[in-house]
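In this document, chain identifiers A, B, C, D, E and F correspond to the written order of the chains, with residue numbering beginning at 1 in each.
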Amino acid sequence: MFAHNKKLQYSVHVEECNPGLANLMLEQFGGPQGELAAAMRYFTQALAEEDPGRKDMLLDIATEELSHLEVIGSIVAMLNRGAKGELAEAVAAEADLYRAMQGAGNDSHVTQLLYGGGPALINSGGMLWTAGYIDSIGDPTCDLRSNIAAEARAKIIYERLINVTADAGVKDALGFLMTREISHQQSFEKALYAIEPNFPPGKLPGNPEFANVYVNTSQGDGDMRGPWNSDDNFRYVSDREAQLAMDGGDGKPSVKLGKQQQECLSAFAGRTASETDSNPTTGAELGKQDY
Amino acid sequence: MFAHNKKLQYSVHVEECNPGLANLMLEQFGGPQGELAAAMRYFTQALAEEDPGRKDMLLDIATEELSHLEVIGSIVAMLNRGAKGELAEAVAAEADLYRAMQGAGNDSHVTQLLYGGGPALINSGGMLWTAGYIDSIGDPTCDLRSNIAAEARAKIIYERLINVTADAGVKDALGFLMTREISHQQSFEKALYAIEPNFPPGKLPGNPEFANVYVNTSQGDGDMRGPWNSDDNFRYVSDREAQLAMDGGDGKPSVKLGKQQQECLSAFAGRTASETDSNPTTGAELGKQDY
Amino acid sequence: MFAHNKKLQYSVHVEECNPGLANLMLEQFGGPQGELAAAMRYFTQALAEEDPGRKDMLLDIATEELSHLEVIGSIVAMLNRGAKGELAEAVAAEADLYRAMQGAGNDSHVTQLLYGGGPALINSGGMLWTAGYIDSIGDPTCDLRSNIAAEARAKIIYERLINVTADAGVKDALGFLMTREISHQQSFEKALYAIEPNFPPGKLPGNPEFANVYVNTSQGDGDMRGPWNSDDNFRYVSDREAQLAMDGGDGKPSVKLGKQQQECLSAFAGRTASETDSNPTTGAELGKQDY
Amino acid sequence: MFAHNKKLQYSVHVEECNPGLANLMLEQFGGPQGELAAAMRYFTQALAEEDPGRKDMLLDIATEELSHLEVIGSIVAMLNRGAKGELAEAVAAEADLYRAMQGAGNDSHVTQLLYGGGPALINSGGMLWTAGYIDSIGDPTCDLRSNIAAEARAKIIYERLINVTADAGVKDALGFLMTREISHQQSFEKALYAIEPNFPPGKLPGNPEFANVYVNTSQGDGDMRGPWNSDDNFRYVSDREAQLAMDGGDGKPSVKLGKQQQECLSAFAGRTASETDSNPTTGAELGKQDY
Amino acid sequence: MFAHNKKLQYSVHVEECNPGLANLMLEQFGGPQGELAAAMRYFTQALAEEDPGRKDMLLDIATEELSHLEVIGSIVAMLNRGAKGELAEAVAAEADLYRAMQGAGNDSHVTQLLYGGGPALINSGGMLWTAGYIDSIGDPTCDLRSNIAAEARAKIIYERLINVTADAGVKDALGFLMTREISHQQSFEKALYAIEPNFPPGKLPGNPEFANVYVNTSQGDGDMRGPWNSDDNFRYVSDREAQLAMDGGDGKPSVKLGKQQQECLSAFAGRTASETDSNPTTGAELGKQDY
Amino acid sequence: MFAHNKKLQYSVHVEECNPGLANLMLEQFGGPQGELAAAMRYFTQALAEEDPGRKDMLLDIATEELSHLEVIGSIVAMLNRGAKGELAEAVAAEADLYRAMQGAGNDSHVTQLLYGGGPALINSGGMLWTAGYIDSIGDPTCDLRSNIAAEARAKIIYERLINVTADAGVKDALGFLMTREISHQQSFEKALYAIEPNFPPGKLPGNPEFANVYVNTSQGDGDMRGPWNSDDNFRYVSDREAQLAMDGGDGKPSVKLGKQQQECLSAFAGRTASETDSNPTTGAELGKQDY
């Protein structure tokens, strides 16, 4: 069960209102690499986790990510706080309020008009948060790899936000949040490598014939070799013919059909056949422009 | 530029029509861990990649994933092929066609009714594919980690599909596709570790004060230690007070407001204040049920 | 900041595994009326709330809803727990595992195949959770009304789930969750009516000419009167002509155009005009079937 | 059945073209609080309504909301009308047309490039309208509460649009639309309170032990009391221990597993266990940066 | 402005309740080819239409499609009507109600649990309606072609629904709705061909060098010729080299960079380069399984 | 199977970096009328196509569209290339980097912050690509019509992009891409008209009573006649009464209910009835403002 304390995990002291900057911060509130995605990723994994140590870790980090959601959301709320009152009370002229929500350095009209300055679960482009951002599948060696990648991505988005933020208070809090992602990544790495073996994931081995093969499908100027396709590590298949039907078969799809299935399919194919030896007049030709 | 050969990368010989099984296969066609997501993930990364070796690798694997999309899509098409003709030609009784799209072991009504038996970019639950499934952010050390995780996940979904598939032809092709994910994961791993250093991602170092801290936010029965939060690796913070306002500040959010901003905010707060010392009659009380 | 205790707010003791029932429970986990929507609705409101009493209440209830998300998610995890291991270890025949995820009384293939039995942020139909489910707009008299309605809806979905659940342990926990919605609705009601006045919302009065008018747009057999359109409460406008252009104007849309705008528009309209006095041969006529 | 008259319900006379303002207006066309959401909300409720009076009311108001969709859509069309022709005919230099769709006070590039100046079912941030905005659940006491809240929200969005609109013609029409929401809210209120009792919704009573309990989950500085958690109205639970496992049980989730289920689960847990007493070298350590 | 009469455009007399069939009908209510998509497609086009004849036609057909939405929605409501009351009143045993919403021939749990038997704007797979289904772009020769295609598609979905419906009353109403699509297609065809010329759409001619070229990108067994790529109609390019860089250039992407841009890019590329001549130990190798 | 050559189908030589222009180009990368939608539309159709000639054509054009996706994606990557490095290396002041992603003529913050300058599958408004953009239904006469319309739409979006692009290199490549849509449209037209008959689509004839009827639902000033509703082509129904219940029935919806169904429905209707002859005090009245 969760409990809450009204103190934030990190103090947020914003220098001045700036709805345009607030909008950018939404990337880490309601964006794909943001804190809600992180919290829900770990929380939902925790609920089904069979390993008690990982379950505890996932709950620890999920709870901290919720607390980060609160920190970044508080930044958004503070940056919007001045504009919020001005729009609600409408003390300024229409044209001034209009300019205050769209103009140079400011793409905050969705936040202001639709959400009244509150932090909404959208990214900076107004895209609604979707659970499609969460890629957990219920296998620990996969989910831990997904978590490692997610922490790495979140670290970079914070770095970019820091790079565009001149407000010292916001920058300081962003630095904390960015750093915590580094720490979380290290925990997930430890948990992954504490599973042995962890590669390949799952129980089924691959087919050894195809498990260390590199198919050079993109050729021409720019073709390169490296450890990801070196002869040390892989069988390198460049021959175009050898890339086709690698099972040695005909490379075709087929299915056995029952008699009624075959008859129906023939009837369907027959009545919708495009004649190859015709040259029918088309709608486009009826309406064609003479240049 | 792409070219195409009508031979598949792997032959697909399906034993018999089975729209219910076809529907499950959609997970790897239009599902979040499926081949379109894989192909587009690597293809879009390739277009902006500055490293020529990685660019080539990403194009190689993207092109192969498109070819896998063709293989899994051909499986779907073959499994649906018999039912497609029967519905289009309507030779059977309505009740029979009705049962053929929903019934025990068969949740194929969306595929049949809406898509006419064609492979659609949905998952097995009918959820439309969305680019929210792709998590690329344009940083190589992050994107490679995301790719590693994505290959691991795809491997497992194929394993699960294999576990529920009795059709030998389908099972064989799924085995090939699953194995290729293992191979791709290895290539991405090599490419990641060929970047040195690769951790933490990005250019900004974290704040050392918080980079190796583990916050034990979830406590009570079940609290555990492991390498992910051990004293060897982390400073472990369990004290509830020490978890709050880790900057040592007041833990509050604040922002400096201009005079008009402050006045508007006060007006707004004033006219929307909820009186704490009232006990107003509510709508619910007006309509309350007497148990 | 959040803290967590590994004890649930309510014990969950499930009688037996049932992935089909688990799937239904997802309505209150990742569905539109579920606990994530509730928690995020109140949490995001709290962050921007100016009234300290309401802010505290919103945080209290948001935190409890997160704890309910944990309870319902634990129900889902327990109901799926048996099937999860069987699929991962693949000890049964393919056909048995196939039937175990789709068949009479069981629409759990998305949960099992894609999410490995973990609780995912989808509803029972596999629709991904979206922040479009949250309707907060940053005005207290609106948001409290939205919260009241949301609690009422959640109560009913729990009631429906209870009606279809024979498992006594699940039923008991659902009863607790349902009851808490009743309690929360009462809190939100008190907070709304503690704002005086609270109707109409906002600062701008309506135009008195149209504020108490009922437009009887749907006529014919079945036209009825009640307090929602009675003469006591409204001016009732049934005359079709009087419903049009209620401003007394021409009922047309117009805009003043600049000279270049007008010229371009004329050029555009001219080159795309559909001649009214022609009877052109169409594409459909080219391809028309003779019945 | 619907009929249509080409006169609008309210005349729309726009002073001058302004694609930037047009874009803001989309909030009430294709946005979550807009007229399509309103119309579809009431229309779909009406179709399944058993109460003849409410059915008539819902059809009346749905039909009027469709007419409002036409009014707001006509405002959008008029504001875009000049720019539409200029882009289609391309009489201006590329740079001028470029600036005319994005620049200070103008975020109209989606409308212009993709929709050719036509009113599209998106909000001002380009988010596509989704039926996730509609929260009807087929229970009258819930749906009426949802409708009341929806009308309140729509009123406020109109108020905000009015506050940023200097065009007198647009402002006048917005004032009408805003006022009608006030009137509709009153009708829905009458219909709700004409159901007795209407609280709690549904047929099942709550568990009296938990129906009037307030759980003070958020504590620390800022904890407050008011009618929403007063001792007059609620049993106030602040003790952290008393908040856990409120059923008096162990606060744990459990499920009875069959023998094969238990064996599979053990096998799965065993092969994916993270060793707690290890300190494995991780991928991050392989690639770690030396600061 | 719209008006409404409580008589439907076509009577709906359903023989018996069938929530499973109701669910299928949702394809034409809230599905991509359904009546809401049709109505909104034409209605939004009408609002921005400059041609008075087409504007009138679009409003006529949009209004009729809304009336069809009412017909198909009434079919859904009637088919669900019996189950709705039984779930709400819970007179049957839990297991019976459970089976009544999922089981052979019945995938109605979303409709029943979440929507209480009301027609919801989802398709038969539970996917929420999205405005992404509407493809209008504000050019008449395009939009009319889109409308023609949309009517054709809707006709086929109705045909498929008819093929699986044994209920005579439902079948009769579906036949009417299907027929009206045929009629509408003919109107849109007439309106398109009444624009002369109408091909190619728009004002800019294509580059004559590439306007009648067919690029044979897919080769191998199965390569075919027909009027769509015949020498009569097209220049047929099969030579792989001739398909590349058809402008005769180098086929590469390039951009001129400023000095600082170039320096930053080099720094970025340098610190994230993957060494090609290394063979680093990877994370996967750390955790590799020995088969 | 697919193969790839690192040469583009058309060379892309961009004059200078311009993230604002890059953002607009996304309409044809990840927008509804863009190249991914085109490629996937034809590719998925091809997989289930029974006609060998059309199957080959669909694969040819799908493969070319993938190659166009590469061209437009390369344009995006080049236009963003300078800004990408500057943000990653953070050599400029925060305020400069802030202005470089939002400001006059530049709405690129999503691309830069979230995607690091890589081409993402979003449109210019940040809306994630969704498979809802694809309207294939598995019937050739429908799908070919959909393809014709899609090519027409894509042509126009390219035309609009050309109209706002001053960069000669970008303009040249856009001209190529636009022209290819013209060519593709012609191929699809030939393939459609090579099916005889092709109208109406499908196997079921319409009901002759309603197949050539035009219902004049929108009346009043602006009512017009043209070939789309002329007496030559249609029976024109203007009489309002004749538009209702065109089957000659009662225009009502009904369903036969079983005894228990009827009883439950009565109980449900009874306990949720809104009394018509009451005038209850409402929540709004409790909180009403005195103007």
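Following the convention adopted for this analysis, a contact is a pair of C-beta atoms (placed from the backbone, for glycine too) under 8 Å apart; a residue touches a chain by one contact, two chains touch by 3 or more.
Predicted, not measured: the structure shown is a model, and the values here were computed from it.
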Any chain that touches chain E and chain B: A, C, D, F
Same-interface partner of B-E, chosen from the options C-F, D-E or C-E, over half of the pairs matching: C-E
Fraction-based call for chain C against chain B, same above half, different below: different
Chain C and chain D: spacing of chain centres that average the CA atoms, whole Å: 8
Whole-Å gap separating chain A and chain C, where each centre is the average of the chain's CA atoms: 24
Shared-contact residues (touching 2 or more other chains) in chain D: 1-9, 32-33, 53-54, 56, 59-60, 62-64, 67, 74, 77, 81, 84, 88-90, 104, 107, 114, 116, 122, 125-128, 130, 132, 137, 139, 141, 148, 156-157, 185-186, 190-196, 199-200, 202-204, 217-218, 220, 222-228, 230, 233, 240, 243-244, 251, 265, 268, 274-276, 278-286
Overall pattern in which the protein chains touch one another (line/ring/star/complete/other): complete
Complex contacts: residues of chain B adjacent to chain F: 1-9, 30, 36, 40, 43-45, 47-48, 56, 59-60, 62-64, 66-67, 69-70, 73-74, 76-77, 80-81, 84, 88-90, 114-122, 128-132, 134, 136-139, 202-204, 280-283, 286
Chain E contact footprint on chain B (complex, rising order): 1-7, 50-51, 53-54, 87-88, 90, 93-95, 97-99, 101-104, 107, 109-110, 112-114, 116, 122, 125-128, 139-141, 148, 185-186, 189-196, 203
Residue ranges of chain D in contact with chain B within the complex: 141, 192-193, 195-200, 205, 208, 220, 224-228, 230, 232-233, 244, 274-280, 283-291
Complex interface listing, chain B residues touching chain C: 20-21, 23-24, 27, 31-33, 104-107, 123-127, 130, 156-157, 160-161, 163-166, 171, 217-223, 240, 243-244, 251, 265, 268-269, 271-276, 278-285
